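The same chain A turns up in both complexes below, where it pairs with chain B and then with chain C.
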Partner chain A sequence: MSSPAAGGAVGAVVLLPLGVAVLALAVASVNGAVNARAEGGAVRDGFAAPVRETARLIRQQRRTLPGADSLLWRIAGAGLGIAAVLQVVVIPFGDVTFADLPVGLVWFNAIDVLLWALWWLLGWGANSTWSLVGGYRFLAQALSYEIPLMFALTAPAIGAGSLRLLDIQAAQQSVWFVVWMPVSFLIYVASVVAFSSWGPFQSAVGVDIGQGVLAELSGIDRLLVLGGRYAVLVAGAAFSVPLFFGGGSGPLLPGGIWVVVKTAVVLAGMLAVGRMVPTIRPDRLAEIAWVIVVPLVLVQLAVVAVIVAVNGGAL
Partner chain B sequence: MGVIDWIAGVGTKRVHVLVIETPGASLLRMRVQAAIAARGWVEATSPADADALLVCGNPGSPLSELIGAVWEQIPSPRHRAMLTEPGTLLEFLDAIPIALQNERSQRADAHDRPQHVSMSPADGAPDMTRVDTSDTPGMHHSEAEAEPPLPDDSGHDVSMHTDTMYEGTPQKNSGSNPAMDMNMSGPAGIPLAEGDQDRDGLEMDVTHLTLGPILAAWPADLVLHCTLHGDVVADARVERLPSGVATTEQPAVASQLCDAAARLLSVIGWDPVARQVDRLRNDIVSGVPPQDVSRRLNRLITQIRRSRTLRWSLAGIHAPGARPARDRLLGWLQSAQESLMADEKRPFHIPVGELALSEVDIRLAVLGQELSTVRLIIASLATGTSPRVVLGHE
Partner chain C sequence: MIVALIFWAFAALAVAGGIAVFVVNSMARATYALAVSFVAVGAMIVMLHLDYIGVITILMMLMEMAIMAVFMVMFMGMNPALMPMDMTHHKRRSVILAVVVFAVLVVAIFLIPWPARTGTPAADLTRSLGDAIMGTKMLVMLAISPVLFATIVAGLVLANPRGRYDRYGDQLDRRTTDGHPDPDDPVRGGIGR
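Right after this comes the complex of A and B.
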């Protein structure tokens, strides 16, 4: 094995999970601080909340229930964080990429479908009605977001004429895709929040069902799921950078830094908007997803296709 | 030891407290909530999420057994206390992190917990009988397990099975005498659910689920024994727990209204706004000047009224004969606002009378509804509020 490849492997195994974890912790901290402000508590306590929760959950006992499908339950809990890292592994940081897949975009899509299984198994494995209801809620929600998301993902692919992320990034040298694919971008971001069961799309972990898929989790298992949720959110935000924000392009700073900065901006936007909207119930979501959002994204695709045909490539 | 102590210290700075209100002790519960929030602690939403169990008031017969069962589900390290007097509240709270950090006693507690109870048909049968025939309203969870918590112990989970009920675990519907026709082929000997046609004519598993009385954002005195087809409530039996303390001081009207609103908002799933309404209630209970609270309340009312998502999400949700949930929510906050600003010149009149809702009303309101709608309807009825104040009495 040549040494650059070995270096890449080390980077992928050590750097990426670490980077995802650090960003996830940062998002959780900011979210905690905003929550603390809303509650009238000390903002500093809010910032420290994720660290305190981590210490607390590390000390806590794990639980199981009679008849729990422990294997699948634990796999699902640990899988979220792994899925997040697997998504990030194909993202180009400037010209550097840990895994230059010719079908990087499809890879992302495959992992996001894996999240269906993970969330549902998390609900199923506990052998508790509340968890199971949570799992089914996630599936109902996924039926609404997945088709629009898949269409939304095709827009950058059509724009660049490639499924390879380096090509998609390169096609945005003059104009970022977010400028002429805004509908795709919005659908993409909403879907990322939805597959993380977060913000307005958190009905699978809703308080009304005792936190649904989280209801029976404690200790390290709960930590993995709570952390994994933020990790998936971070991964989704990071993936929007090569798709819609020109990847690592930017003045002065190296490409890798720009990717992180742009990711942070997308995350901040998700946090801010997510807090303004109450949870959308899956049954109501299906209505707009299929009646309004799917036609909208198809129009977006038509516009992109026409532009590419007339222009002979991306703008 | 340094690292372990450090983790213990950091890990007990944000304690999750499962607050259990005995019927009638709502003021005490609100004081506890205010004190918890002031420390930057968190209210637990389920036993699995809790470090400490704090019972407000002296629970009567059915409730105290349930609390015992819930206690068994709380993972170690854990601590429990019963609070009857607001005066000792702060001492009780101070004791929690100390107890949680006490490694020796926590370790002993974890080892004394039942490790494993077999679920053979012989000893399973009485349990199952108890499950289906029991009148005891249940927590929504079934069992805790007891794996010793500390790293040097064996890493695999042993399920345990105390004498608890099975609410929360999908269980079979086996007619009136479950012990007779039990199908023990399910996981851990829990009988499999049987099918039946739901309201849309689809064959669905029939399961039983008891909502309350120990459930986040749920009225303290209400127990709903549901028969579910999938997540549709096919049948329900309503039980009210007797109020343990009839003569205690009641919370201010504004704090009751904010409490009801915060519960509805958290059931809706608008966490950031629910937190802010929670804070208003805490402030009213802790005696923050009303002008201050009222100003923030005004802003929140505007924000809630403007939310199109909320309007759309709550459309068509109401109990028969009651105003829509969204109107009630806004009405409560509006009334809270008026009562905060009331003085001699503009006195505030809240309708006072007996609680209007009978068990039959509640049953009819939830029949044929999905679980999420049931939660919204119950929260919008605010049945748990003091009987002296009928909320949104039209």
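Right after this comes the complex of A and C.
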């Protein structure tokens, strides 16, 4: 246990999943509180709603439709939370990082593509029409957000001249990337909300198709998916910290604390803005994404590339 | 030793996933068995210290399999793709072909005089890959991408039975005499065109 590698492994296996779960619960609680307030109920009840729902789902017997592909269904349900942890594991907390991948940025991208498979399999496995419609809605949405997201991720890599997150974080010592890559940042956070099927991008679990992907989930399966949704939202917010907010840099407090604080601020922004925007249909999103957003992000990349070329590096 | 064991475990997983593609009886399972096989190959590439190519392989293959799930339902009609079905056809010819190819490859492994390594790998393999693609191989990339993209789009347009092209033909911007769009598509895009 004395070696740093063993300590890091323990941290990655125990601390990270716990931290992601706690933050995910916090986001769900705040969301529940705002929901309760909007419906005129007691804020405290809303705040405790996710805990109550967790207790209820743990005791609930899981049910499965005849003909369901339980294997793929359950793999996908459990996979959301695992994907979230796999994304967080490469994030540097100050100078400390659990897994220092030379291509950490591409790793994040690969895991967010894994979510395509997981959401579709969730829709497929239930053997229910509405679930399958939800799964296909997610893929249709993914075709709109993924290309802008990939381009948006390219901007910090160009700025730092590296795919390693420690380098990207170090390149922001004087100016945070969010200052001169605002378009990339906005597209990034929108995509994070989209791959979590949350906020305005929740048509895959929309009420108009009986909760779609969630329709047939019950008991522990439902808990894993509901929690996993918030977990990937947290992971995406946490990943924006080394990409756009200078990682663990900040006065007084240690770097690890700053990463968590900045993550919480990004999450609060996602919650606030996400609740104000109505749900967008995937077929409408496609044209918005390809006709407006892709050219915008390409202009952003051009600006970043010119700045880096003229300045000989990050600002 | 441990690294070698992990490498062989991934290799076994890749082969097992490949076999599973033809053993399972559902399109979804076959698709994602193939995805598991490819992800295992990607992990092996990462273990060869080709981090970028390895992770990109995992990324692309997962994406490809997810898209394949869309296509298989779109082009097979709802029923066959969603029902249990046999994943093999032309069994005898396929088996003969597979055995012959396997035998040829195995014999080749032992007969080919493999060259000894000359030179050393670059310090930053991702950078040298980028230099190659954006430098000397740029022309090839520029030529291949539009051809591939045009092939995909043309294939979709021709094969999709009830797509926009089939319903309205070409010249989607034509107008009637009173100025209305002639192919009056009831499903408008997100920016109201």
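In the analysis below, the second predicted complex is superposed on the first by the 313 of 315 C-alpha atoms of A that agree within 3 Å, B and C clash if a C-alpha of one lies under 4 Å from a C-alpha of the other, contacts with A are read in each partner's own complex, and residues count from 1 in each chain.
What we mean here is this: contacts are C-beta pairs under 8 Å (C-beta built on N, C-alpha and C of every residue); 3 or more make two chains touch, one makes a residue touch a chain.
Fair warning: this is a prediction, and the values are worked out from it, not measured in the lab.
Q: Applying the touch criterion given at the start, work out whether A:Y136 contacts chain B, chain C, both or neither, answering first, second, both or neither.
A: So A:Y136 meets both chain B and chain C here.
Q: Quick check for you: in the superposed arrangement, does A:L72 touch first (chain B), second (chain C), both or neither?
A: second
Q: In the overlaid three-chain picture, which partner chain does A:S128 touch, first (chain B) or second (chain C), both, or neither?
A: first
Q: After the superposition on A, what does A:W120 contact: first (chain B), second (chain C), both or neither?
A: Second partner only.
Q: Can A:V103 be said to touch chain B (first), chain C (second), both, or neither?
A: After superposing on A, A:V103 lies in contact with chain C but is clear of chain B.
Q: Pick one for A:I280: touches chain B only (first), chain C only (second), both, or neither.
A: After superposing on A, A:I280 lies in contact with both chain B and chain C.
Q: I want to verify the contact counts: of chain B and chain C, which reaches more residues of chain A?
A: B
Q: Residues on chain A in contact with chain B in one complex and with chain C in the other?
A: Dual-contact residues (chain A): 69, 132, 136, 280-281, 283-284.
Q: What part of chain A is in contact with chain C in the complex they form?
A: Chain A reaches chain C through residues 69, 71-72, 101-103, 106-107, 109-110, 113-114, 116-117, 120-121, 124, 132, 136, 139, 142, 146, 163, 280-281, 283-289, 291-292.
Q: Sort out for me which residues of chain C touch chain A in the complex.
A: Result: residues 26, 28-29, 32, 35, 51-52, 55-56, 58-59, 62-63, 65-67, 69-70, 73, 82, 126, 187-191, 193 of chain C touch chain A.
Q: What part of chain A is in contact with chain B in the complex they form?
A: Per the touch definition, chain A meets chain B at residues 34-36, 38-42, 45-46, 48-49, 51-53, 55-70, 127-130, 132-133, 136, 200, 202-203, 206-211, 214-219, 222, 275-281, 283-284.
Q: Per the contact definition, I'd like the list of chain B residues that touch chain A in the complex.
A: Per the touch definition, chain B meets chain A at residues 7-8, 10-14, 16, 37-38, 40, 45-46, 48-49, 51, 73, 75-77, 110, 119, 140-149, 157-159, 161, 168-170, 186-190, 207, 209, 215-217, 228, 231, 265-273, 275-276, 278-279, 282-283, 307, 309-310, 312-313, 370-372, 375-376.
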